[in-house]
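Notes follow once the structure below has been shown.
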Amino acid sequence: MIGKKTWIIPDGFLQPKSLGEQISHEAVCVLNLSNENAVVKLTFYFEDQEPMDQFQAECGSNRTHHIRLDKIADLQGNLVPRGIPYAIKVDCNVPIIVQHSRLDTSQEALALFTTMGYPIEQ
Amino acid sequence: MIGKKTWIIPDGFLQPKSLGEQISHEAVCVLNLSNENAVVKLTFYFEDQEPMDQFQAECGSNRTHHIRLDKIADLQGNLVPRGIPYAIKVDCNVPIIVQHSRLDTSQEALALFTTMGYPIEQ
Amino acid sequence: MIGKKTWIIPDGFLQPKSLGEQISHEAVCVLNLSNENAVVKLTFYFEDQEPMDQFQAECGSNRTHHIRLDKIADLQGNLVPRGIPYAIKVDCNVPIIVQHSRLDTSQEALALFTTMGYPIEQ
Amino acid sequence: MIGKKTWIIPDGFLQPKSLGEQISHEAVCVLNLSNENAVVKLTFYFEDQEPMDQFQAECGSNRTHHIRLDKIADLQGNLVPRGIPYAIKVDCNVPIIVQHSRLDTSQEALALFTTMGYPIEQ
């Protein structure tokens, strides 16, 4: 089984400002090499408020899903808040591999960063 | 034996647009510290289509190869598609170390990101 | 228990120059998934002077804290020096997950980088 | 003992072009938490030529050293070549922690990337 069922990303932030053609965003990029459909649950942790834990996405077997955090909504239709720091926990029913990337277009030119998530041993 | 035979990179994307002197691209950077020639197989996974698994590159003993994903073609001559998200699995006959980097020149100035691949234990 | 109590970040630098709306800074981003309040101690190592080890921050249970290194002061009121290279050791009373990011706005447009900290096994 | 004695960085490149106030460069950032002086040996691997293995730097106990790859010279006075891809192996007499970063100022604004090195288990 390739990958882990839980991954952590401490540095999340949706830049409120965008310049140029591309919108500032983040993506949680998942690869599912198992034989089953992956149900991916995202929990967002904040500095001064309770976690939001009703976000869910899917990823088919032998498929990738670059989950856009500026687009995903939870079961009540809430979006991930822009302009405040958060951290992310990714939980899945099957082992997956998780990478997190940010695109920031707030200042004349775009900036990018990425890192593998931190895998949790079961 | 230094390195692993399988590595995963969930966040792949070839930016279609380039400005300035440098073309937007990605590279899978391999170091081969074994005594044998390395045959590197790349499989690309997508969100809505079957994987492409006929890409191959080489890397000599005590050599590096920064495999350009905007240039590599598969056995049928297909290129990696630009403008859609993908993930990458790297398989090799010998242990290697893999890092993945992106150069994006779509908006007035270049942006860079990099991460080590996620190594799979055998 | 998710995470580790000690993390290392070798590449720290507070860019002295800032252009545009955002100030150049770094953040040590912490997620605390334990049931206790986290007391986070930061030690800064330099190339030519003794370490500074009197910096402290907190992070509640099920909270994140993106600790801004341009704002934190030690017990004597000293700031992290700008314009010289440093490395960081993060120690905590409970297991946490640590990521480090830099925002540099010194040259017309912002630049970003990030990496997970290097976790120390206990 | 915190850290490892050998680290790998597959993606090295010294951008030949620089614009603005800062020169394009890379740094191998080392933290030495041992009680001894660290002697750091750097080997550079290329795509089409033999490795260069006569580069050496030092890092004191409880000190960091951000080794600038655009400045270091080997025992014969050779510099790391600009404009061609390379990979780096870092070997040390004591355990250290290694991070690698690139600053690119070739196109109107700077770009940054970073990653932890890949640690080799002994």
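Which chain is which? They are A, B, C and D, in the order written, and residues in each are numbered from 1.
Everything that follows uses one rule, which is that a contact is a pair of C-beta atoms (placed from the backbone, for glycine too) under 8 Å apart; a residue touches a chain by one contact, two chains touch by 3 or more.
Chain labels with UniProt names: A, B, C, D = Sensory rhodopsin transducer.
Just so you know, these numbers come straight off a predicted model, no measurement behind them.
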Quiz item: To bring chain B onto chain D by a C-alpha fit, how many degrees must it turn, rounded to the nearest 5?
Solution: 90
Quiz prompt | Farthest chain (mean CA position) relative to chain A | solution = D
Quiz item: When chain C touches chain D, do the two copies use mostly the same residue numbers, with over half shared, or different ones?
Solution: different
Exercise. Find the geometric centre of each of chain C and chain D from their Cα atoms only, then give the gap between the two centres in Å, rounded to an integer.
Key: 22
Exercise. For chain B and chain C, let me know how many angstrom lie between their CA-based centres, rounded off.
Key: 31
Quiz prompt | Junction residues of chain B, two or more chains touched | solution = 108-109, 111-116
Practice problem: In the complex, go through chain C and note every residue touching chain D. | Solution: 6, 8-11, 13, 45-48, 50-51, 85-87, 89, 102, 104, 106-109, 111-116, 118, 120
Self-check item: Touch list for chain A against partner chain B, complex
Solution: 2-3, 20-22, 27, 29-31, 33, 62-66, 97-99, 101, 105, 108-116, 119
